[in-house]
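Have a look at these structures, which come just after this line.
After this come two complexes, each holding chain A, first together with chain B and then together with chain C.
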Partner chain A sequence: MSRWQYFGKRLLLSVPVLVFGASITFLVIRAGPLDPVSAIIGPQGDPQAYNRIREQLGLNEPLWRQYIDYMVDLFTFQLGESWVVQPERDVYSLLASYAPRTIWLGFWSVLIAVFIGIPLGFYAGLNPNTFSDYLASFGGIVWRAMPNFWLAVILMSVLSQSQSLFGFSWQNWLYETNVTGPPPLPGDLVTLLTSPDHFFPALKKIAPAAIVLGSASMGNEMRIGRTAVLETVNSNFIETAKAKGVPPRSLVWKHIFRNALIPLVPIITGEAFLLIGGSVLVETVFNISGIGYLFFQGIQNGDMPLVGSLMFVFILLVVVINIVQDLLYTIIDPRVGYDGGA
Partner chain B sequence: MSVTDDPEEATLLERIQDDPGPAMRWLAGALLLFALEAGAVVNFVTGLFGPGMELPTLLSRELIPNNGFQTPAGVWKETFLGLSPAVAWGIRVALVYVYAIVCTWWLWRGYLVFREHYRYADWTPRDDMIDRLRGHRWGQFGAVIVFAFVIMAMFAPALGPTTVERTIQDPYSYTVDYYDENGELANVTVGQANLGARSQGTPDQNVGVMQYDEYGRFHPFGTLPSGKDMFTFMAAGARVSLFIGLLSIGLSGFIAASFALLTAYYKGLVDLAVVITGDSIMSLPRLLFVMLLSVVLADTWIAGIYSGGLLLALIFAATGWPILWRAVRGPAFQIAEQEWIDAAKSFGQKPRITMQKHMAPYILGYLLVYSSMSLGGIIIGVAGLSFLGLGVSAPTPEWGRAIDIGQSYVTTTSWHISFIPGILIVLVVTAFNALGDGIRDAIDPQSEGGEGEGSEAVAAGGGGA
Partner chain C sequence: MARTDATATRGESEPLLSIENLQTAFFTDKEVIRAVDGVSFDIERGETVGVVGESGSGKSVTARSIMGLVDSPGRVLEGSSIRFDGEELTDKSEKEYRSIRGGDIAMVFQDPLTSLNPVYTVGNQIKESLRLHQDMRGAEATEEAIDLLEAVGIPDAARRVNEYPHEFSGGMRQRAVIAMALACDPELLICDEPTTALDVTIQAQILELLDDIQEERDLAIMFITHDMGVIAEISDRVNVMYAGEIVETAPVEELFANPRHPYTEGLLNSIPGNQPGADRLETIEGDVPTPNEPATYCRFEPRCPKAFEECTRVHPEPVAVTDGADDHTAACLLYPEDVSEAEAVELHERRGDGEEVTDR
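Coming up: the complex of A and B.
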């Protein structure tokens, strides 16, 4: 099977996954006892208004009718309007105003985790069974087991009291920022990336939340990086390279490093799951009004279209990331079979 | 005097009848150990049908009471042997753990007795697994912490310095005695005493770790901002977490194993259907979907059982089985390729029997490994939900809620409220992961850092909570 056939098969398989995922979401929010109408008119609303709004929202239609409308809307990317959280506002415009903060947060949490976790893991793997290896491994294991929300609470409190605790003020360090609250993102990407006055405060603001959100993946990357390096170091081709007289520097960088990266690919892409899920808790603690926070608000207020559409976006994201991961895998490691598992 | 002629055919019962000595001796010890705690079991069972029957029990708070009051002369009254409440409580905790350790040791002895006297084979592969586990320090560390956690959950009512009912659910129906400033013996409701024992983050409004409040009550983990004893809260919370974790892992493990066996045996269309179903469920962000479900189903009758604990367990089971199934699918497919499966098929054995007898035992070990690792993730997930105010509803204690309650006191003198539950979660989750590592190395010494790492990482992460 060629790479493109494999790719086609992967795409084809993702269609039922999408349909099924969206259907499960529909089943939960529409067929369940969720009641957006009483959330809109409040507990004391009179029954007439209640019925009128129900009629307007199309909730009196038979369920199969609602299902078809819902699926057609989603798959033509008409994400609808919010009903309760921000009534009559387009989900797209909500996404446009909430998503950048979450993307900024996710971007840095992946980057920080990758740039701390992988080097530490590789270092531990290259110096196995030394004190620093044990320290790094143990740190990784504990770091991985830490609940994000707890770490967030502790970090937030310590940083906001850093003046009285350590005599060092995090808030006034370099740029003046609060510990909590959304990051100060300018309107367009170019300003953010080119002007240091915008870039650094936004980075400093998001850093604690990003470290927390990346913590679990960082521990994973470290552990798996370590075992991958250990496995590669002990493999035959390294022996051969050593016997051939390859200098140590090129041995580490060219032969060990590149091969040890392979098992890390699914971990890095798998972070997407953790980020989407963890964003709710971290955004709640740090008071960042991002997608996770929006989703949580939507659930609590019974905002059906908002929740359904956001869920669909998440599923789409996960499916796309999975396909990209499989493709990356086949490119990086040609030994991976195209017909191994669906 | 053997019942059947062929010793290989004799059942365990027949083998014991042949040589009853060691088994009887072991059974006598087990009965003795059980008799010490029989009262608790009777109380629990009768409690299901009405008010529980009270019988004297070794590890009860009635036998070793730690609630008393101090006379102005400094003498403790009503506590165990007139000791201070801290010491009395310490003795009770020590006794509970000694009892639990002795019980576990006795079970282990039972296995050894079976191995020595009643097992037909001199050696089985399982012996090697146990030997490998014996040399696995990291796995043993995990086992010890998991053991401590399970005992904490099982003996929660006896371990706490006071009961959930007295201090958390119904504090105004119980009273405590104490000597007031005038040296008079006074009586006050627990609710009122709690008001005086609050931990509010200031040095004069705080009852910290291992401190007494002004009513002579001892608080090993300090108090909550409402003045309720935190150790009692944590012990009861451990029970809820363990219940949800075990039930959901049990259910999802069962689903995962059944699907893995079915798909490995029949392959083809069955496999494709389960792959698509599993992938669809896995493509939903787990934590968010669990949140959605727990909000949507919050008003149904099932959410009323065990303060929503049962519902959460079911939700976690329904969303968690694909992860476990992914982990055992590979091994199940490998087994299905073996010759003995072919032989069983052509022999005309029923598919169900083949799966049960010849395939299931091989994937059980893997299932155990991944279950142990996902259990930590579920504990974190449940705590995360109650941190947000979802899931297990108040007043039933849950660790995540303690973290939420203590949020604003982290950098004050009342740091213990948020800090201790977090540390305990880290410990317990690390321990479950370590135990999983140990079991994996024991059943499959070659696997160290094998292909399963990816799904293992997902399983242990708790979906980002």
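Coming up: the complex of A and C.
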């Protein structure tokens, strides 16, 4: 089977997963105590208005009909309109205004984890049982053990009082920013990436949240990276390579690096999922109105179409990341075949 | 022990590899383990030298010492000498050593299933050797890699060169490892139990292959194994190792016909089928001791059926087993055979002292 056939097969197989995920979401939303109508009219609304709105929203329809409408809408990518959070606003337009902040946050937290955690872990693994290894390992464990919500609150309060604590003002450093609040992202990507006056304030603003969100993943990747390197270094093929006169540099980069990456692939992609869930907490603490925040608002207010659509987007994302992970596997490790079975 | 003929031209008379008083020790927190303790032997061009011994007798550490691959906390001690082709290897820097590793001396390891990197093609790994030592790249290197695979008897080499190790069977992988070792036309091939992980038929094929290659390329082979049958098959000379020391060395026929050291006798007796009619297979009781102190006695004494009082006091030195038998030596107080026991003990004592005088 070629790589593209395999890819096609994986795409096809992901359809049942999507259907199942969307159905469960429907079930949870409808079975739960969500009452969008009272959220709209408030607790003292009169029963007539209540029934009228209920009729309008289509909540009096039989459940199976609602289910079919819901599924058809999702799979034709008609994500509908918000009912409560921002009434009558298209979910697409909500996504367009909220998603960039989350992507900006997720991007940096993954980057911090990958570019600090993995090199640190590899370094520790290549110099086992030295002082720097112990320092890195210990730091990794501590970093990993600090829960998101706690770290977020602590970091926030330390940064907002940095003037009185350290005599250094985080708020006024380089660019003037508040510790909390959404990052100042310009309308389009090109401006963001090309203009330093847009890029750096946005980066500075997101940095504390990204560090908090990336910290657990960073510690994780450090630990796994260290173990993976240690395991590879002690394997026989490394000795064979040494015996044929491979210099240390190419030993590390050619023979150890690629083998040590294999166990890291699922860790990295697995953490990409976590960033979706974890961002709800961090976005709330740092008051970054991103997708996580929007999702949280949607649930609190019983905004059924918004919650359903966002959930569908999340499921889609998870499925895509999974496929990417499997593709990465086949690229890095030739032993992973395209055929079924093992 | 310094060689006076070091400046002499490389004649046929000088051995390809000459090891003198090789000592490799591992310095752990608890103790110093003298894994190789004063080993000396030569390997001539085109010769196969077998090294036998139980697990833990220091065979593999000897091989790794020659390759300069002893990892911390182990190191080759001062006073050891490994001369290869007229050059002293123990003085070489790591960088100089690298050009010898894989270039002049190549090594084949025990487990072919894990000694190839799983994420690169077999061809890639052979070409790496070619690039490192012969500066050969691209199509030329691919061509050479295919030739090498053909030379070790891998069918359809042009296709298999682009396959990954997991697509090869165990025997094929060992052939590929041998091809990789041969890539740079080494003069000495060190085989560390290359057939132990293979089944018997494949084992025979690999031994045959090594034999053919040796004939073709005039290759010297140092063959490490604990399998006496394999030793009988392949080697010209045999060194028997015990607890970091060579206890007996002899040409292969001589060793099998007339084993002198009690340990060698024990090894030969414990081959199944060597004593037809016997009820039980003879074994050597006990285990190889961990050599963690300087040898001032015979390390085999606790297990030796022929041990006598002096064995706990005098360290046996390798001596010719009979007067004039220069190519058969044993490190045992029972030898030389043609003098009385007391005289023999005195000879060993004197030799031991003498060595210490020139050594330190």
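By our rule, the second predicted complex is superposed on the first by the 328 of 342 C-alpha atoms of A that agree within 3 Å, B and C clash if a C-alpha of one lies under 4 Å from a C-alpha of the other, contacts with A are read in each partner's own complex, and residues count from 1 in each chain.
Going forward, contacts are C-beta pairs under 8 Å (C-beta built on N, C-alpha and C of every residue); 3 or more make two chains touch, one makes a residue touch a chain.
Remember, it's a predicted structure, so these values are computed and weren't measured experimentally.
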| item | value |
| --- | --- |
| Combined model on chain A where chain B meets chain C, clash or fit | fit |
| Partner chain(s) touched by A:Asp333 [first = chain B, second = chain C, both, neither] | second |
| Partner touching more residues of chain A, whether chain B or chain C | B |
| Chain B versus chain C as contact partner of A:Ala241, first or second or both or neither | second |
| First, second, both or neither for A:Asn127, with chain B first and chain C second | neither |
| Which of chain B and chain C A:Ala145 touches, first, second, both or neither | first |
| Which superposed partner A:Gln163 touches (first chain B, second chain C, both, neither) | neither |
| Chain A-centred angle between chain C and chain B, computed on Cα centres after superposition, in steps of 10 ° | 80 |
| Contacts of A:Ser97 with chain B and chain C, given as first, second, both or neither | neither |
| Smallest separation of CA atoms, chain C relative to chain B, angstrom | 16 |
| Residues of chain A that lie at the interface with chain B and also at the interface with chain C | none |
| Complex contact set, residues of chain C against chain A | 67, 69, 98-103, 106-107, 109-111, 114-121, 128-129, 132-133, 164, 166, 177, 180-181, 183 |
| Chain C partner contacts - residues on chain A that touch it in the complex | 235-237, 239-247, 254-255, 258-259, 262, 332-335 |
| Residues of chain B touching chain A in the complex | 272, 275-277, 279-281, 283-289, 291-293, 295-297, 299-300, 376, 380, 383-384, 387-388, 400, 403, 407-408, 410-411, 418-419, 421-422, 425-426, 429-430, 433-434, 448-449, 453-454, 457-458, 460-465 |
| Of chain A, residues touching chain B in the complex | 13, 16-18, 20-21, 24-25, 28-29, 32-34, 141-142, 144-151, 153-154, 157-158, 160-161, 164-165, 213, 216-217, 220, 223-224, 227-228, 230-231, 263, 266-267, 270, 273-281, 284, 292, 295-296, 299-300, 307, 311, 314-315, 318-319, 322, 342 |
